[in-house]
Each structure stands twice: as structure tokens, then as C-alpha cells.
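Notes follow the structure.
Chains here go by letter, A, B, C, D and E, matching the order in which they are written, and residues are numbered from 1 within each.
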Amino acid sequence: MSDPHLVIDRVSKRFDPRVTLGDRIAARLGARVELRGVQAVRDVSLAIAPGETLGLVGESGCGKSTLGRMAAGIMAPTSGTVRLEGRPVMSPGGTKLTTRVQTVFQDPFASLNPRMSVGEILAEGPVAHGLTTRENARDYVAGWLDRVGLDRSYVGRFPHQFSGGQRQRIAIARALAMQPDVLVCDEPVASLDVSIQAQIINLFLKLRRELGLTYLFISHDLGVVRHISDRVAIMYLGRIVEIGTADALYADPRHPYTQALLASVPRLMTEDAVGAEFAPIAGEIPSPLAPPPGCPFHTRCPAAGPRCVAEMPDLVPTGAQRVACHLYTGGVELAA
Amino acid sequence: MLGFIIQRLLQAGLVMLVMSALVFVGVFAIGNPIDVIISPDATQDIRARAIAAYGLDRPIWEQYAGFLGRLLQGDLGRSFVFNMNVTDLIFSRLPATLELTLVAVLGATFIGVPLGIYAGYRPDSPVSKGIMAVSVLGFSVPTFWIGLLLILTFAVWLGWLPAGSRGPTVEVFGVGWSFLTPEGWKHLLLPALNLSLFKFAMMVRLSRAGTREIMLTDTVRFARAAGLSEWTILRHHVLKLISIPIVTVFGLEFGSTLAFAVVTETIFSWPGVGKLIIDSINSLDRPVMVAYLILVAALFVTINLLVDLTYALLDPRLRRKGA
Amino acid sequence: QNLTIGTRAGPESIDPHFTATGTHAEALKHVFDTLVWSGDQLQIEPRLAESWRQIDPTTWEFKLRKGVKFHDGSDFTAEDVKFSIERIPTVSGPNPTTIYVRRVKDVTIVDPHIIQVKTDGPAPALPYDFIRLFIVSHKAAAGLTKETANEAFNNGKAAIGTGPYKFVSWTPKESFVVERFDGWWGEKQPWARVTRKELPNDAARVAQLRAGQVDLAVRIPAADIATLQRESSLNVVKGDTVYVFNMEFDFREKSPQVSAKDGSALPANPFREAKVREAVDLAIDRPALAEIAMEGLGRPVNQMVTSNTFGYNKSLPELKPNLQRARQLLQEAGYPNGFKVTFNFTNDRLPGDRAVGTAVAQMLARVGIEVNANGQPGAVLFPARTRGDYSLVMSGWGTITGEASYTLSSLGHTNNKELKMGAFNWRGYSNANLDKLLQDAAVEVDEAKRRKLLEDAGALFMQERISLPLVAVSSATAFRKDKVEPKLIRVDEEVLAMDVVPPKK
Amino acid sequence: MTEPLLQVRDLHTHFFTRAGEVKAVNGVSFSVDRGRVLGLVGESGSGKSVTGYSILGLIDPPGRIVSGSIRFEGRELVGLDPDELRALRGRRIAMVFQDATATLNPVLTVGRQMTLAIRAHERASDRAARDLALDVLKKVGIPDPASRLNTYPHELSGGMRQRVAIAVALLHRPALIVADEPTTALDVSVQAQIIFEMRDLVRSLGTAMIWITHDLATVSSLADDVLVMYAGRMVEAGPTRVTLRAPRHPYTAGLLASVPSRNPKGVDLPQIPGSTPSLLRLPPGCPFQPRCPRATPVCREDPPRVVDSGREALCHHPLPPASQAAA
Amino acid sequence: MTPTDTTLTSQDPVTLPAPEAAPAPVPPPVSPLRAFWAEYRESWIAVIALAVVVLVVLAALLAPWITPQDPYDIANLSLMDARRPPGYVGAEGYTHWLGTDANGRDLLSAILYGLRISLQMGLVAGLVALSVGTTLGLVAAHSGGRIETAIMRIVDLQLSFPAILLALVLVAMLGQGKGQLIAALVAAQYAYFARTAYGAAAAERRKDYVEAAHSVPLSARRIVFRHILPNIMPPLIVVATVQIANSIALEATLSFLGLGLPVTEPSLGMLISNGFQYMMSGRYWISIYPGIALIILIVAINLVGDQIRDQLNPRLKR
């Protein structure tokens, strides 16, 4: 792979609850006051090469969006940095420093300002950042509308006049109009209908071909991620537990969580092959307020041993991918 | 929860401080209270002596500091007009106001909520439209105006009820309550009705809006799907759900009703604290003004606190947070 | 038989020496007697003092009534009088009753029923001061301080007087209850129990009267008189009072609220110009104020004091409006286009104050003076007036002592602290002639001479138009015919249970 | 042959809104036999939920069943007296909704909500009600059910909440459960658990079920029969395996084709162009005609009719049947 | 592999079929305002209320031209015409259809002018409170942290304190006059706007479109004023209608308590208060007619507000 382009370097994010003066006094007085924060992302490092698509998969609440936000420079990490071509995307004060990372969000109904016309939505950023002038904005916008397969005549319309798929195209056009290198897509097809989903996936594929975009593609749909990604990272409770090329990871998942996750998804069966059924993972995700010690997955892991409770596994190369599991670093029993 | 309570109390202290400072500055800006109270034939010298005796010639910050100092010892001062301890003065009138307010707010709630639920349950029926019409009127028409019409109609014209004042009281716990006598109720009825009208409208609107929204939720649909009768749904699901906003409003309204009693008390010559505050504003009786506002602020904070605690009782979702 | 009176206010304590407010005195007259009584026309009459005389210019001797008992059964003696007089400065509140004893230097007990009062100078009007000198029992009220006095009085312990009624209970701003004292020295009272209900709102008072909750209501608004009279069970009596609405001009060189019509400053304060004051005077239609603004509850006046007052000048002419002349005078004074002024008046103190104020503003507008009528609560107006914020003010003034020097010297004398005169002359008026007349009157012992001095002062006051008296306030009292019948109507507006009797069948 | 448990014939449910008449369900017919699972699939807004609500008589104004028949256990439900309908609901037919957080009342305990549902149909003592509730909670796989009775919904995880909702539906051992996307709001792992458990439950209880979803994969692993809806109309119905293997309607075929996992990685997916029509302005003929590659002028005018009885595809130009396709 | 009918795939996967072939985007381009009006029109009560409000506003605006008398020009008033019953023909020769008040004002004129003042007070106070409150709410929602805490604490404190008392104290403090009264009304009401704006903005801030704006990135000012502000207007408008009605009522109440405007330029509240003393003496018109005018105005505004509120409530949409 070529030089990394977007580098996420040991990034963590913690959400601390608001503590009032009263809470503090009460805590002094010995009352139980919730001071624990949510450790949404824990010490994650990733590097994405130019033109590469990295898929990020995980269950709800595991920190995908949080990581995506930090990668896009919308949210400041508690620790660690995100760099684009060596330069941080965000100042320590929380100001975004680059326009070269843009985002596409999940909900096409919420991601467009309902009070702005399509033209305004698309032109606002480029005009503000000097990518085009106010006078040329119309043509500029029309060009991007073409690109995402929307009619130029739509510039004057408002978001509520479009269907979900069309809105998502507008959202993509808005991101593209900023001429980004990297697109962070946070579940961009999750809320679309099946028949529309394919259109948008195809659009992403086409844009990658034509513009050489780099994607951080977040989804919980394993099928979609597989289809679009070069590499895939699996997240669990704020940590990356396995990362590798899509083919290798799907063909030979190493982490027990990845294995269970892949097995738990019902597959579309059209043959009478009844045997290949899915099997759910036992239990539920622990609360991020009180993450279990050691390996976060040990509470649900069929292969867990004493070491998993005591020790947090590191992400180490295992086969074609990198995995954070004790199974591959000496077993789950505690070393004597 | 404790932290929350402490936070509230801290805020309460702050409100009271701000309110009292405001009154001090305000009264200072209006003028010297002695000028309002003193007889026209007092000589300069008598006036000067009176002013000095009450420390009104001192700089305002000094007066305020003195006030705070005494406040810390639990002394709110003495009324300029009555030379009584203002706490005594206010507490002697508080039962009258409390009684009036309670009757008004309880009445408004117990009549308004069922009607509101009905109007929300059957938003298009003529009865509901009628209920809403009344509530819009109650919401819009200024209290003083309704008060007048009530007196005019029921006391003067029909002669059914007294035109004002409080009825005979019965002592309970050393406090006189008038709602314990039939005659007392007769006196209480009109002012309470007057005062409750706005609250009534409020309760109707609130419970109607709440019911309408809840009726469209999946919760109700699910209850219906489980075969629950409409009555059970209203009684167990809807009532419980709308009770949360209603309790909030009940609490807040209780406070603001206390404050709004000013108008009703003036019209109905109800010997409560509301009238006292108007009188003390008119005579620049600063200690009473300050004490009253502090009291109201304290009352408000207490009520808000109670509301929040009740809230937590009613809404289990909040309980855990507070644990 | 019980009597319930709907009053506006008072008392503010049961301690009679706490405050000099009129309604306070009115209420407490039932419980405490005064040394000297003021009659319905404010004529002074014996009360606890049977007679008095001036034995030298600075000494008055009072002979006290014998056989008077306090409510606790003890005898009334000179000791109580001395105690009461000396007590006043120690317990007075923000409206000090010290004004009633301001001339007193020393009190000497000659014998249990004779007392001598030394004044700080010749004080011919001393008995007038004593009409509100309440006598408390020196035993019951002994040792009370400013802090403890109120509690002791309010809970009845010290509320021991010699008056016709005994104190029963009092709730501030609500009701004051007394019951007959059978040991009173005067004639037996018809009421076993008297309740004064405080109903400051006029409409409420009227409504309660009609609803039968009170037997008698004071100060009926003019608007309601006719209707009440129409009701068969009710009746209304009207009476004159000593209160006169008057308009005060600012005489200072620079006046804050007067300007040319376009808002620019005037070269001088127009009210210093006699012609302007006369023009204002001529613009005012006093009968219209009385008949229309006050709906008959007023009387046009031509001087600051009313006819029953000592020092009233009978020779002064009636004041008639003359708009043409008024305009002409304005022109002559150099204000052909008039000027602009803010006219301040109270809107919550006396019946009709708001109506009269607005009507006067209307009248001034007709001669070309642009008036910004600013009616406001007394709480705002009085302190501002004292500060000198105003150019033109109207308020009511009552010569409650019954003699004219009280009014004339407060309003017309140069503001002088030493002489204790001109306390209400906030507007910088000074006239040596008037000062002289008033100072002479203050020390003149001969009654006829004093009357003459005051009449002259009154005439000069009017000639100078220092203030413009407008209308005197009348007062109406309504009552239930079947329950009560007022014997007399007092000019000081006090309504006392003693003046009310059950109707003769 | 006995009558099926539920037979829906030519159901039309419309909403009379401000903007016009929304034909949410526009001529749907199907039947469900005892113990069978019918998968109802379709895109968002295609009328799946409304079909479900129609069966339970839960259509609120401005909606109304305009025509059609719903026969359940030999009784006609359309036009049935509201009280009788209510007596059926929860007892003979039950329903589970998509979002358990929204369906459970947040201010009532689990036990209370279950008791209310029990008492809606039978007089039960506190004890009996409690026992029944415990029993059913255990059945739906809730660990330590006794302690759950006193908890409030928010104290449970999403999966547990949905299980409680399912338990409420099962209380009276209904003959039919209408499950409206009960797993859509859940996590993949929990979703799998619930599907698993539901399948076992209906099998063991012999309950019939209508499983509403937009996920073809779920249907394929759960349902015996499938019915595909598009814009308020049914487009295809038949046994699951057969239908999914050899769809005859171009829409079904298009959907199946566009599933990413059935395509080589990274290549463009076969897609259906355009988007779903507004139910307010349905084209006169076949609703899918504007997006259909096989459309001909006849599709524009005539709504298609049923082609064969066991397997139905409402299309003028259906794809060849399975045997031919395989060839 | 499963049968895949290749005809299903169009050649260029990204190009949509020609627009006429594709179904129109969801609803046809109806302007939101027009749709709003179409829905509004369905409630005849609300339509009447709106008509009343419009009429009243017009009448108030045109008062100087349509009233027989300028009731504020006191030189014009004749004391002789005071307190005449409706229908009386006054000195100037025209009929006082609603009678006259204690100063000889034609009541019809006085009411129209009074409406003017009441409306003016309500509107000005409402608008000032709206802008002050909204700004504070937005600043709080956007800045977060200490500033947010400080602003919202103050607002909460104020909300927990009865508006009427606050207004009473302020009027007593500041003195009387339009400016002072407006200040008091604003002080009593801005907190409602601040709360609403804050709540709405805090909800809006979490929406993806705001996040998208951040990700561009756009300046904070721009995000707050171009993106958030327009989207929180609906709830603010609802609050504004209620608060304007409240201002009018509050002003009337303050006037009634003697703490309102100067007597010579009476608002409706002042007129009612002035006429109050004549109620029992049968001269009802002095107080009743202004009272009716006031009630009609407030009821109409509230009805309009109710309808807007219902229409803006997404949960009641159908």
C-alpha cells in the first residue's frame, strides 16, 4: 500500500457527565454521584491510504460515529491526533483546519437544512472557502448535481421535495462540492430502501473511480461493507478488535467477536440449503459506562479464559489481518 | 439526587440575593419611603430624624449590608408601616393566600384535567370544542376583568355569594382557616373561581395536548393491540403519562398563582399576602417588599424542588439518574 | 348590637403613638381618648382635659377630667398624660407622632388632675396639636421600647385606653375589632361590638355594602352615589372635608419639566411670571371640576383652607374662568404660543384625584399650554416632589388641624429649618411679607388678632397665586338604613362608631 | 379443505388526508394457515404496517378500511363491532411493534403492563396474573423474570424490552401474531437472538405469524411463505424458497439482484432505477411500471391480475417460472 | 448463481431515467407557506380569529383616520360630554356610538387608540423579548460550557419567578411610561423565548445538517444564524403569539393595579381600569366596551397561536 493519507493516531474520546457545584458538594458529603464518563473510543490507531476504502463495522454504540466524527475533524479527541497528509485536521482548540475531509451522514432527512434550497446548500461551503465565487456558484453547483445524477433543474427546490435517495445524493454532492480527498461516510445507506441502497452504493463506487476518493465507510451492514471496502476494521466497545483486507477478514475471521458477528447475520437463502443457518451471539454489549476489565468481549466470548479478564489484548498481526485477542498471543490462560 | 437538591438550594440563595438587591436598588431609585409615609405637617427636623432612625440616610450598599447581616441572623426586619416583624406580618396573611391558591389550583386541576383529557381524546366532538372555547377564554381574559364580572353577577346582581373578604375562620394548629366553615366556603368560592380560571384553562390545554399526542403513540396502539379497553387505556396509560407535565405545571402554577393572587386579592379584598405586597409597594414599605419577594422566591424554589422530586417519583426514567 | 364599618385603611398598630397617619388615629380614637377633641367641624372641645388656659406665652395649663377609668379599671391621672407625652419620641415610627408634641419642652404635674405644659416658645395653637395626643395608661405601657411596644400593644396587653371601646383584636390590613367599654365616662354607646373592615378598593367596599357584609362604608366613589341612593335599603350622606386639591407652581429659576412646545429650553421659568399663574388660574373651570370631574363630590374653592377652618378668609372673591383673558395674559407674559409642561398628580390618594388631574390638564390645553398629564401613585410622586423633580404638581391637602397656619406655613413660608416652617415649600418660593404674617400668627396669643393675621396671609397667598386651590373634596358615606344612622359627618372624613347610632324605629 | 386461519381478500385501506387520499393498502389478498409464518416484505411506505393494523382493526382516522374482507377463524373482522374486535385483540390475534421503547409505557412497570393486558381478557387474581406473566417471560428468554416484573422498561436493554413486548403478545396464546419489524431497531447480534427465539416459540405453540420486514434475508430464514408489497399493492406471493429462488415479478427480481452480498465485490450492483411513487398519485396501471424494464404500454393502463393460484405474481410480463429459469 | 435478469440494470448505473419517466419527487413543488395556509384554512374558527386580528390591527393602524376624535388631544375633549351613554350626540355634533368616558372621550375612538397602544406594547415588548431571548438562547446553546450554564441558570431562575411580580417591581422601580413598561414586560418575558430558543437550538444542534455545516467547516456565526436560527423559528413564533397576548393582558393588569401608562394616553387596560369605578353605577360602557375589545383581541391572537401551534406540532401531523 502507498503512504498513509489519513492517519488516526492513538485517538481516544471520553464523554464526561456534567457535574454541578451541588453534585460536587454532595460528593463531598458522601453521596453517590455519577462521575463516570463514557469512554466511547479507546486508543484507536488507523491509517488509510490514498484512494483506499476502509470499512468500519460494529454494533450500535461501539463508537463508530464518534471515531468518524473525530476523523472528519468535527469533534476533538480527548487524546491522540488525526492527521491528513501529516497535518492535523483539527486544532487543539477544536477548530477544523481543513476542508479536504468531508462527511456524509446516515439520515438524509436530517442532514439537509430544510430551510435552504439545494443550490444554497451546495454553494454555501465552496463560496465560503473560495472554491467558487458567488457569481459562478450556479454553474459550479450544477456540475456537482450532474455528477451525482440529479437534474440541474433541482437547484431551486427544497429538501422536502425530494425522496430519501435523492436527498442522499444531494448530501453527497454537498460533500463533493468541497473537493475533498477523504469522505467519511457514517452509515450512508442504512436508512435507505433496498432498491435505493444499490443506487447509492453504485454512486459511491463511481465517485471513487472517477475522483480517486478515499473513504472511511462506517456501517453495521456487513454485506455492504464487504462490497465496498478494501480493508475492514471491526470495532467493539470503543476498540478495534480486528482489522484486515475485506477478503481475508470475511473469509477467515480470527477474532471470536468477528466470527460470531459474521455468523449471527441472517443470510439470504434462496437454495434449499437449510443447514447453513445463522447463530446468534449470546448476551448483550456491556454498558460503556462500566466496560468490563481486560478484553471487552470476554463477557460474551465462548473462548474466554482467565487472562481475558485480567489483561487487555493488543492489536497484533495474525494471519492476513491484525487481531486483538489473547488466543493468538499465547492463549487465554493466565501465564504462571 | 442530593447533589441536585444542593444545587437547587444554592440557586435559591442566589435568587433571593438578587431579588433583595433589586428591591433595595429599586426602592432607592424611587425615593425615600419616609416621604411617602410621613404626615404633611412634620417638620424638616422630624423628617430628618425619622430618616436617620431607619438608617435611610446611609449609602445604599451600607443599608444592604446591614440587611444581609441581619438576614444571616434570621431577621428580615420590621415593616416601616406596621413596625411589626415582617415575618410575622407575612405569616399572619399567608394562610389566607395559601387557602385561596390551593383551592383554586386544586379545583382547576381536578376539573380541568378530566375535561382536557376528554377534549384530547375526542378532539373533534362538539363537547370538546366547547371545552376548548371556555379554556381559550379563560386563558385570554384578564383576571381582574373576570373578577369584576363575577362580583357584579353573583354578589351584587344575584346576591348569592359575598362580594369579597374572607369568611369566619377556624383555628387549626394555631392558624385560622376559613375553608372549614360553610360561611368561609361561601366567601372563598368567587375569589377561588376567579383565580382558578386561568389555571383551569392551562390544565385543560395541557392535558388535551398531552392526551392528543399520547393517543397517537405506539404505546396506546400497543395497548389497544393487547385488547385493553379505551377506559383502561385512558386511566392507566394516558393519565399516568400526562401526569408528568401536569405535575410540573401544577407546581409552577401553584407558585405563579400565589403571585397572581395579587390581582384577585385586590379585587375581592382577600386579606392575603398579595394585597400586602401591593400595599407595601404603594407605601414603599421596603422591608415587607424584600421579605415578600424572598419568601416567594423561597417558596418557588421549594415548590420546584418538590416538583422535581415528584417528577422523579412519577417518571421512573429520572429515578436512576438521581440514585 | 354590632356594627361593621367598611373603611379604607388603618390602624397600622395598636400603639397610638406609632404613626401619625390619619386613619390610624381614626381607628384608635375608639380605644384611646385624646386630651383635646376635635369636633365634626374641627372645632376643639374638651375631652380628657376639661379645660385649658395659657398662663403665660410659653405655658399651657390643662385641667383633667375626674373619674375617668382605664379599661383595666385603674384611674386616669396626670401621670398618664405626662407619660404619654414623653413616650411619643421614644416609640414613633417613620411617620412620627412627634409632630403633636413638637412644641412641648416640659411637662409638669401640678396635681393629679392638673398638668402644665411648657413650650419651646409662644405656642398659641398647642391645643390644636393635642387633638391627636392619645393618652395611654402609664402602668400598662411602662418600660416599653420601640421594639417591644408594638407587640405589647398588638396583643392587647398594653392596649389599655380610656376610650368608649375596648380593644379586642386586630389583623393588619384586615379588620380591627373593639367592644363596648361600659365604664366609659361619656354617654353609653349603642354598639356592643364594632368591627372596622379594611377595604381599600372602592368597588369592593361598595360591593360589600350592597351585599350586606358591612353596615356602613366610607368614601363612596361619586360614581356610585346615585345608584346606591336608588336602592331602598341604602342611603348616602355627603359631607364636606378639609381636603383641597391644589396646584403647586415651581418658582425656581430653572424648572425641570417645563419647556417650549418644540422641547427647547425656555429663557425663564414661566411660573415665576405672575401673569402666567393668573392665566393658569383663569383657565380652570372650578365648578366643572366639582360637578363633572368629581361628579358632585366636590366644591369649588377660592382659598387653601375650607370655611370651617380657623383663619378662613370670607372676603375673597369667587374664582371664575376666563379663557380669553387667560390667553391674553399668556401673550402679555411672552408666551403667545404657550409652552409645554408636565403636570403631575396622584392617582391613588384621594377620591377624584385622577379625574381632576386629567380635567385640569384638559383645561390648560384649551388656553394653549401643552400639558403632559402624569398621574402616578403617591409612592412615586411624593418622594419625587420632595426631590424637586417637578414643575407643576397637584395633590390634595387637608388642614387637618383646623387652623390655617398649618397649611399656609407649610406651603407658603420660606423653607426654614430653624423656624420649622415651609417644610413643603419645595419650590423655592419666598415672600418676606408672607413670612412675617405667618411668623407673627405663630406666636400671637390673642385669638382675634391671630385670625386676622391668618386671613391676611391667606389673601396674600391667593393674590400671589403661590398655589392654586381648585376644589374641596366632599366625602360620601353610605349605610344600610335598617342598621345605622350617622349622627354627623366630620370634615376630617373620620367615621367613628361614636357618631353612628341605630336608626330610630 | 378447511378454511385458513386468516384470509384477507382484496383489502383496501386508505387514508383521507389533507393532501388527498393515500391508498396505503390497495388490493391485497393472502391467507395464513395455522402454525405457518408469512413474511410480508416491501420497502418503506409500501403498506406493510397498515396491512397489519388493518387485521387488528387498529386503523385510526383519517384512515379506514375502504373495502375487502378479513376473515379470521371463520369470522369477518371488517365491520365487526368494536367491542367484539377488542375482545379478539390480544387474545386471538396479537401484535408486536417495531420499536419496543416506544410501545412499552415508560412509567408503568413491566408487571403492571402485563397485568393490564391479562385483565383485559380474563378476571385473574393478582397471584394468577403474576404467575402467568412469569411463565410467559420465562418463555421469551428473559433471565430472572421475577425480578423483571418490578422494573421499568428503561431499565431493560433493547433486546429485553422487545422480549417483554413479545411476552405481552403471547400472554393469551393467540392463534396469530402480527410482528411488525420487531427486530429492525435492534443490534445485529440481538436481532439474531430474537428471530431465533421467535421461530422456536411459534413452532412450539403452533401459532401462526405474519412477519413484517423489509429484509429479504430475515424472511428467507424464517418464513414459510412470502408476500412482496410495492406501493400499497401486492406484487408477488408464494412459498418463500420458491419465490426467492425464482422470482417472477421484475420488482422482486430487482430487489434480489441488488443485494450486495450476492454480487461480486466492488462491482456496480444491478439497480432498480427511479424511486417509489407517491401513494397519492399512483399511476393507473401497474405501480411498478415507471421503473420496470419490461414495461409495455399495457402496463400503463391495466393493473395486472393474478397469474397463477399457488404462486402469484401480479405482472403482465412475469419472468419465466423457476423451472425455465434454471434451464 | 441466482438468476439475474440483466435487463434490469440500466447501462449507466448513476444516470436516472429521464425525469418525465421517473415519478415526480415526492410532493410536487408546493410552497410550504401555501401548504401551511391550506391547512390553516380548514379551521374556520382560526380563520375568523385571523381575520379579527387583521381587522383589529388595521383599525388600530388607521385609527387617526377613522375615528371621529383624537382622544389623546386633551384640548379637544369636552368635560361636558363626560360619561355619556352610547348613542349620545356630543358637542362636536357627532354620535358617540359607544358613549364617552370620564374625560369626555369618545369611547370608540379611545378604544381604537387604546388598541393601538396595547398592540404596540404587546408587539414591541414581544419582539424585543423575542430577539433578546432568542439571542441568549442561541448563544447558550451554541457556546456550551460556562457561558451556557450561566445564561441558562439566569433564565431558569427568572422562569421560576412570577412574571407579574417582576413586572410590578420593575414598574415601581423604573417609573411609568411606555419605555419603562416595555422594559418591564420584556424582562418578564424574554426568558420564555430564551428557554424555547435554547431547547430548540440544542435539539437542532445535534442534527446532522448542523454537523455537516461544521464539517465543511463554516463559521460559528454562520451556522448559528443561517442554519439554526431559521429552523427554530416555528416554536418561537408560537411562543411569540402567546407572549404578545400575554403582554397585552399583563399591561392591562398592571394598568389596572395603577402601575401602567400615563392616564392621558390610555391603553385598553387603562380604559378598563378607569371605567371600573363606574361599573356598579350602571355606566357599564366605560369599562365594558374596552374590556370586550381587549378580550376579542387576546382571544383572537390566542386562537391564531393555537392553530399555528397545532399545525407546527409534527406529532399531530396527518
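Operating definition for what follows: contacts are C-beta pairs under 8 Å (C-beta built on N, C-alpha and C of every residue); 3 or more make two chains touch, one makes a residue touch a chain.
Molecules present, by chain and UniProt name: A = ATP-binding cassette domain-containing protein; B, E = ABC transporter permease; D = ABC transporter ATP-binding protein.
A quick note: this is a predicted structure, and the numbers were derived from the prediction, not measured.
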{"item": "Contacts common to chain C and chain D (chain labels)", "value": "B, E"}
{"item": "Selected pair, greater C-beta contact count between A-E and A-D", "value": "A-D"}
{"item": "Approximate Å spacing (C-alpha centroids) for the pair chain B, chain C", "value": "38"}
{"item": "Distance between the centres, which are taken as Cα means, of chain C and chain A, whole angstrom", "value": "85"}
{"item": "Chain C and chain E: spacing of chain centres that average the CA atoms, whole Å", "value": "48"}
{"item": "Distance from the mean Cα position of chain E to that of chain B, given in whole angstrom", "value": "25"}
{"item": "Sites on chain D at which at least two other chains make contact", "value": "245, 254, 256, 262, 268-273, 275-276"}
{"item": "Sites on chain B at which at least two other chains make contact", "value": "30, 148, 156, 216, 266, 281-282"}
{"item": "Per-residue multi-chain contacts in chain E, two or more chains", "value": "2, 13, 16, 26-27, 172, 175, 258, 276, 279-280"}
{"item": "All touching chain pairs, where touch follows the definition stated at the start", "value": "A-B, A-D, A-E, B-C, B-D, B-E, C-E, D-E"}
{"item": "Chain E-touching residues of chain D, taken from the complex the two chains share", "value": "15, 17-19, 62, 245-246, 250, 253-254, 256-257, 262, 268-278, 280-281, 283, 290-291, 293-294, 319, 325-326"}
{"item": "Chain E-facing residues of chain C, complex", "value": "202-203, 206-207, 210, 221, 223-227, 285, 288, 292-293, 295, 347-348, 354-355, 357-359, 361-363, 365-366, 371-377, 379-380"}
{"item": "Chain A-touching residues of chain D, taken from the complex the two chains share", "value": "43-44, 157, 159, 187-193, 195-196, 214-218, 220-222, 241, 244-245, 254-256, 258-263, 265-273, 275-276"}
{"item": "Of all residues in chain E, those that touch chain A in their complex", "value": "2, 13-16, 19, 25-29, 32, 207-209, 211-219, 222, 226-227, 230-231"}
{"item": "Of chain B, residues touching chain E in the complex", "value": "11, 14-15, 18-19, 22-23, 25-27, 29-30, 136-137, 139-145, 148, 152, 156, 212-213, 216, 252, 255-256, 258-260, 262-263, 266, 277-278, 281-282, 289, 293, 296-297, 300-301, 304"}
